[in-house]
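Just so it is clear, A, B, C, D, E and F label the chains in written order, and each chain counts residues from 1 on its own.
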């Protein structure tokens, strides 16, 4: 009995030791954002191509693969004002973050390096309308930065079975 | 200046005025101390767990408890249909009333408490053990099964630990030869704190008193009546708003009262190095309260039957033995003197 | 002497004032929500509809504890005057009380051996 | 007071032979309570009380509902009700292609999503007869063990929370465990970009390769985790209160455990020396000598000891593997560029892996179209929950909370 | 599958070749064969998975129920077998042999609608008691509405 | 029956006749500010944790993301809580329970939908068993997207809620009514609360279903003729 009670007192060794430890708490998010790794997936952006046009070609690969079915793309073919070549453009690109699961499959399949995820988070709102990303908002997100490391090309290069060096993964 | 002192002396000598003034001052201070204890518990448990605890409202989060209070003041009144309405609504203020009342005989200054009763120890213990009735009534009147289980456990536990609590409080009484709390403290003058002198029964009685008062105040490892992980919120499951606030407040005041009693009975009350007085008493009571909190955030809890077995197989006989040891010491020391 | 008890009574009154004062403040300040609402006032049982009332005959295990408590409480009452007057009575009282409690403890031992506190 | 259970002493227990298995004699062939007991047939000493524990209850680990029939505080019949989280994952997987289905299984066992992914992905690989490259295999093994540590951290935290309350010592253990779990989540976050639902595997390999400097971080984290493990032990292993709550409580008959399909630590704490990582190696487990901790007492304390030992073993495996990850690609198939990128041949496979909770299996039927005909996930937690009617009888409400915690069920996996 | 199981299947069922995904067993001999497997050390109940095969032009509506058992311990192996039943058929329960079959069979009863003969407690497991239909059947629409919640 | 889910009250009956007393308005404004401040900064959470988000919600209370910093902690019973955090998928079987628990909470109360499943049903939203978002049966104040939202996102959600409480008390709260965004929203299978298409009969049926719940306690197997044989 005595032995058992003395053993119980060892519990205090842990709590007392921890009283002296440095605390591990992150700053509150409205004061300073936590440091995220570069692959962090928390939002979306539609990037521009090298000509400054939207890179999306409205191929609907992301719309088809999205398990959640939240992406709706409508496109049309027209002449590019920059290069003069005919290509497809998205007329509307709606991404309803209310049902997004951040699985990165849209990035995985994108053929034109257009859609990317962001490390900056989606801000909570008081209505569901706050969470709908339209084409304008997606492009504005891209200009704002905080893009995740994984582009469609980089992801696929990393997963390529032909890849020789095992290092991989560096940005 | 002397006029003020005269006025104070007059107040002190007239019974009802003394009760009134001391009552208001003591109760206000004790309520603030209870608020402070809640704040301290949240900060200290945070410290133990490498997190800051409340920080945002006021410096170090000290206003947090007031925000909670104002919030509770505005919550809707709920009385579930199935309850025994009258009892259900009547019980919560009783909790606070009972624990606050026990302070009438607990002295914090050498001049004595509001009512320096000749049976102070008994009265304090008796009133604070009344706590079991509102808790039981709350659990039963709720007509909720979790509350019923909580109330059943609370009653069984409180009445069981009543015995070692009273018996271990008898040890200082025997050593001092009086039930009056001021005289018990007086008997501990010159560093003859009963926790350390006579060596043995005093310290053991303190340990018993401390553990039993943990059980009386429903603190871990003896908090089975309101074990959140088992009984949702125990007897208070159906209580919301300020009705719950009363239980919440009562719990912390109870802890402080029990710590004050322990300080008076075993640690010489206001005796201490330098000038005696309120500061030593408060310091001792608060240190004991802090230790209760530290224990709470370190240990897990017993099962109710283990708890009762612990009481009846170890605590009660141990307390009896201690009473006899104290009696023997008293007689032998008296015979020697 | 009377003063002490008057002071105590006044103190109790102040305590009552504090307790019911807060309740009064709450009664004045609280939000009036929905009207009598059976959904709001249903009994909580983890989100389920309760199956039967909680006002039942409870298992007597707890009553055994109450019985033992009464036994020891009476004994404690006898101890109190004894403790106060120990100086006057001396060693004889100690031995006498020892005998009295010895008999009581026999009953306690019997209860323990009978498993009064063992639940399973 | 309960003193140390004899079978926790380091003495070899008596064994009994059952169908080629040697099981501890003291707990084999225990009398089994009748799970279908008619309540009217039972005559309690006072009024019986029917108490709903759950679906919202602080310690039912999600949305399990236990209907307890109590005689005083002692339960004489317990009926678990599940399905409050039935999300029809199997129905959905029968409408999704291989690429799309990985995020769904993430959410089954949400405490160890990677094992769920691996079970599904390995089923597809078995159907396609694809062997992931060695780098992917080793990486998968490391991920599985990291996930196992994180999962056991969460388990230990919530287990103590059940015993010590949200305001109490249990809460301290809980927060200490989560503190170290966050370190492991940070590793997985750096690798995959998410804290919980990683979507880290795909058919034929991994989706993510290690970022630079990851291996060193893993080793540093393992040191930290192992160091802190001793602290939790100081708060639990010899703690008298902890022992009196767990020793001799919820003793599980190994035969019942086997027949009910329980797995993982629940099985090994009852003396069954069985672990798929050693007995039917997958991924890179064949390359490491996995040591399986086995206890013979079968109670909550034994399950606790087994899980603690498993954490140490997982740390050892991670250390062993992470220093020698082979070079090469991480995928055997071309990275998918289309929703139907994986062509399924017709066939029928079953693949089982050792998740932190036991054997997590996937049974898959394909008729040659891109989407499978039937996907059945064999959840270890379902079988753990189905043990409750046997274990809860004769226990008090406090014990039931502990028993439930010690079985470590995840309701997302039970209900799917 | 290990050799002793293959031998058992060959002798009991009179099969030449046992497919790796398990042989088809007649429903009435299922308990005997499973009991024999249990004797051989296959003590761990793995799974019971029913599949609905809607009617096509070549075959009528049918169900298959697949069972898996495992022999625990070093060198662990599985034994798998299947049962094919017509749309209105039923299948003997295994819940007397394996406690784990109880809930798995209830689940299959709930989701696929297989009737297990002799099951002591055949109720819905996952869905509410008053649910209509069996969702894992191929003719059950994935987005069936349920007033008032969806 | 709590039919009207949209009614949110902050009526203090005392104010009505206190305002009539001259000279009290300043005191009243101060008192109101203090009371609002209390309401805003003491949010006790009722964790309606069902699945994955429940685990992340646990993480919000742990040392690394300490929720107690701004005075938020959990209480196990709805009677003592102010905010219901719905964390996880709500199924058809669970929905009446959630509704019942929500009805049990005392006013003033708020609801935070944490994670995609609670907001919209996530990728299960078209499935037979899953409710397409909790706002089809209880009013939601703050939406925290994510799958699951990281703990710091939940903290930000609580911050948004505090902001909303302040604005609602002041009467300055304006919800987002961006028509383009409204157009892009995925439509749940039944109308949400606040949607003009919503039929009051639906709310009544939901309240009724939550109040008169099937106790579901039959233990004996159902009789032979009740079974639906395939």
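The definition used in the following text is that a contact is a pair of C-beta atoms (placed from the backbone, for glycine too) under 8 Å apart; a residue touches a chain by one contact, two chains touch by 3 or more.
Remember, predicted model here, so these are calculated numbers, not experimental data.
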*Chains touching subunit A and subunit E alike, please list them.*
D, F
*Among the remaining chains, which ones contact both subunit E and subunit F?*
D
_Chain of greatest Cα-centre distance to subunit B_ = E
*For this structure, which two chains have more C-beta pairs in contact than any other pair?*
B-C
*Distance from subunit C to subunit A - Cα centre to Cα centre, in angstrom*: 59
_Interchain centroid distance [CA atoms averaged], subunit B/subunit F, Å_ = 38
*CA centre of subunit A versus CA centre of subunit B: separation in Å?*
54
_So the centre of each chain is just the mean of its C-alpha atoms; given that, what is the distance between subunit A and subunit F in Å?_
27
*Spell out, as numbers or ranges, the residues of subunit E touching 2 or more other chains.*
120-121, 126-128, 135, 140, 142
_Multi-partner residues of subunit A (each touching 2 or more other chains)_ = 1, 8, 11, 14-15, 18, 23-25, 28, 67, 101-102
*Would you pick out the residues of subunit C that each touch at least 2 other chains?*
29-33, 38, 40, 42, 44-48, 50-51, 54, 58, 62, 119
*Pairwise, which chains touch?*
A-B, A-D, A-F, B-C, B-D, B-F, C-D, C-F, D-E, D-F, E-F
*Where on subunit D does subunit F make contact in their complex?*
36-39, 50, 55-58, 62-63, 67, 77, 79, 81, 83-88, 91-92, 103-104, 107, 110-111, 154, 158, 166, 174-176, 178-179, 182, 195-197, 411-412
*What residues on subunit D touch subunit B, complex-wise?*
1-2, 49, 51, 57-59, 73, 160-173, 175-176, 179, 235, 239, 241-242, 244-245, 396-399, 401
*Would you tell me which residues of subunit C are touching subunit D in their complex?*
45-48, 50-52, 54, 56-62, 119-120
*Enumerate the contact residues on subunit F facing subunit E in the complex.*
92-93, 95-96, 126-132, 136-137, 188-190, 202, 205-206, 209, 214, 216, 218, 221-222, 227-230
*Which residues of subunit F touch subunit A in their complex?*
63-66, 69-70, 116, 119-123, 125-126, 133, 135, 141-147, 149-150, 152-153, 155-157, 159-160, 164, 173, 175-178, 180-182, 184-186
